[in-house]
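Letters are used for the chains, namely A, B and C, taken in the order the chains are written, and counting of residues starts over at 1 for each.
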Amino acid sequence: MPLLEVINLEKHFGGLTAINRVTFSIQPGQIKAIIGPNGAGKTTLFNVLTGVVPPDGGEIRFRDGDITGWKSHLIASRGIARTFQIIKIFGDMTVLENVMTGCHLKSKTGLLSAAFHLLPVWREEREIAEKSIRILREVGLEDRAQARAGNLPLGMQRLLEIGRALASEPSLILLDEPVAGLSGPETRELAHLIRRIRDGGTTVLLVDHDMSLIMDISDEVLVLDYGCKIAEGSPREIQNDEKVIAAYLGEEMD
Amino acid sequence: MIKSNYLALLILALVLAFIPLAISNVYYLGILIFVGINSLITIGLSLLMGYAGQISLGHAAFFGLGAYLSGVLSTRLAVPPVSALLLAALFTALVALLIGLPTLRLKGHYLAMATLGFGQIVYIVFNAWVEMTGGPSGFGNIPRLRIGGVVFDTDLKYFYLVWGLVVVGLFFAVNIIHSRVGRALRTMHTSEVAAGTLGINTVRYKIQIFVISAVYASVAGSLYAYFVTFLSPGTFGISFSILLVTMVVFGGRFSVWGALLGTAVLSILPESLRIIKDYDVLVYGAVLLLVMIFFPEGLVGLIGRVFRPRSLPEKLRT
Amino acid sequence: MTLGSQILQYIISGISIGSIYALVALGFNIIYNTTGIINFAQGEFVMLGGITAASLVTIFHVPILIAFLAAVIIVTAAGAFFERLAIHPLKNPSVITLIIITIAGSILLKGIAMFIWGKDTYFLPSFSGDRPIHFLGAAILPQTVWILGITGLVVILLSAFFKFTLAGKAMRAVASNRMAASLVGINVKKMVLFSFALSAAVGAVGGIIIAPIALMDYDKGAIFALKGFAVAALGGIGNFGGAIAAGLILGILEALGAGLISSHYKDAIALMVLLLVLFLKPSGIFGSAQESRLKKF
């Protein structure tokens, strides 16, 4: 049974159709990639899937439940986490606090118990901090835990955003251009990390322009063009698909 | 972080314990009691302004609800003061919830406008419901606060009661800020979108903080009623709501300590400088405008810059 | 007086006070449309207009027409000055910053008024005497006619300004898309300045024409701002036609409520309406319900 099922999804902005009746699904344990020329609707798709903007039509089913049109915090609580193409870390917090904020769903201190700060609250804070340190170790930012997040270089901010998303222990993580702006070695590091995330039991859906990365790590690739799905299949199938080649020839020559 | 705040609280408590010994003049003790009552309101208000990113222009009304409900319940219905204080706080919390629920779902100016309108309505009711409130001339004979066998009938006792509650109020506020809830609120400074995708229901926390801040104001109002034992509507108008906002902004709205500092300075200065009392509107307007334009982090931010030059911009450091 | 003519009387006085609310609401909308700011100092422009004209006429014996023009010019300058002082220096301000800034501006203007005029009340004589005109058993003050006429004129001038002049068109462009407007070479910052000046002028006119009916003092601004905002919200923030209709509706409601129910709660009626609108239909009863607009507010 698929983890995520998207059926005839639609999103319009005024007269512009950003997503045009797109249907696909993700099996648990997969790394699936979405590619397409600029403006193909990839980020919009992520925004719709995570409830940042509501869909205009179609259906989204996750872990066999309908989540179409849900608010983003409810979708997150069902187990979908994400990162952003334009990084949205909490720049005025420390690196550690960023990840601790990511633990929001897996902790439960409310306003009143927080006010009294009794033993269970104190204990939960310590647990969250320890878990966050473990996650920082996993993404390689342990020694930066107390740094101000906004002061980190871009590559580390991308890692921090992934760590923060992982802290909610999602069953599906959406990575929006995770290697944009990264160097070659950093990109290879990240590819390893993405595999480790999948091996840890989290299904991965990613958008990126780095074809060698995509072809290297993905189990399946979905191609969007002008909001429409034009191809779906294994990396090898996609590389030889005529429609895909045509779409990309029109867009970029590299 | 939380530990240094606890240390500051401890120092504050010690200083407060000895203040009455150093002050012989009852008049000054009275002023300090008012500073404490105002601080209780502004601590709650700074949680709302600095952490939930919202503004209330009706906190004088929540303060007034606490005062009038306590006063009316204790004088007309002979409810014991502590029960009256708690009932007033509960009622105020419900009212705040009713206002917050619809308006905090929406972005922007809505809460500010709703609280402004609500504040004015409450003010009108205090004036117009003469049978209950005594109308514009007010009503008196409110009994003294009594907890168990202790009657708080001297300024000295009241000083310790009010400031004891301020310390408790600060303790709660500091704990909230340095908690899961505080972190959730701080995300709103940067990205509500990111917060949502982490499962944080920002609306819910905004509403909770708004209700809590109204409760702080209500408790302060009850303390005010049992201290002055006479209430009239003049104290609870829009201009007091705006003065409270000015205190928070002046002290530094991103810190509960700023609220305390701003309240102390703006409550004590007019007592010593006649010119501020005569032209209070002009002075407060100018203060608010200058602070917002030139040092939006208020006094606390300014002091921080003096003592921690590391936080200065790069070019000023050498 | 029969009940019918009494009600007619209330409606007429409601329409005249409602016109003033509509003018204040128009002032809110002019600034909101160009900047996304709710200007809490809007009521102070009304107070300044009224008190300036009143003191020019009663103290310096300036003819009413000249006092009218002088007061409008002075308040327009105050609006522009306020924008330069408080709004212009801000870079990327948050909503809460803008609220605090415009509140600061309103207190400052009020404080300056108190400094200049003290706490006294000022009275502006009616523009053309006080002999009432009788109409179906109701007595209409000549000032009411002036209020309706001048409000109508302001509305016509404003729509002509936005439709036919270059500056008006530029302001509309900024209102509909700030980024695009600046790309085609419109100086957005200048339009923001214009909008404050224009809305100060509209507010001042309202203050001057109502001054013979409502006495003016330095503290009058806040209540005009509140009611004007209630009207703007009822009509849908940014909606000019809605503001005029809502102004008349609220003015009549208030006059009827005060006359037939209780004058104590007269001021509460507009505020109750404000709360109900904010709670139930924040886009206003005439609101275009454009979600994007709503969010900016």
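Things worth noting here:
In the analysis below, contacts are C-beta pairs under 8 Å (C-beta built on N, C-alpha and C of every residue); 3 or more make two chains touch, one makes a residue touch a chain.
Computed from a predicted structure; not experimentally measured.
Following the contact convention of this document, no chain is adjacent to both subunit B and subunit C. With centres taken as mean CA coordinates, the chain nearest to the overall protein centre is B. When chain centres are defined as mean Cα coordinates, A lies farthest from subunit C. Subunit B and subunit C, compared by their mean Cα positions, are separated by 32 Å. With centres set at the average Cα position, the gap from subunit A to subunit B is 42 Å.
Centroid to centroid, with C-alpha atoms defining each point, subunit A and subunit C lie 49 Å apart.
For subunit B in complex with subunit A, the touching residues are 172-173, 175-176, 179-184, 186-187, 189-191, 193-202, 205, 208-209, 212.
Of all the residues in subunit A, the ones that touch subunit B in their complex are 50-52, 71-73, 75-77, 81-82, 84, 88-93, 97, 100-105, 107-111, 114-117, 121, 124-125, 128, 164-165, 168.
Note for the complex: subunit B touches subunit C at residues 49, 53-55, 57, 99, 102-103, 106-110, 112-114, 116-118, 120-121, 124-125, 127-128, 238, 242, 245, 249, 279, 281-286, 288-289, 292-293, 296. Here subunit C touches subunit B in the complex through residues 38, 85-86, 89-90, 94-97, 99-101, 103-112, 114-115, 218, 222-223, 226, 229-230, 233, 262, 264-265, 267-268, 271-272, 274-275, 278-280, 282, 294-297, going by the rule given at the top.
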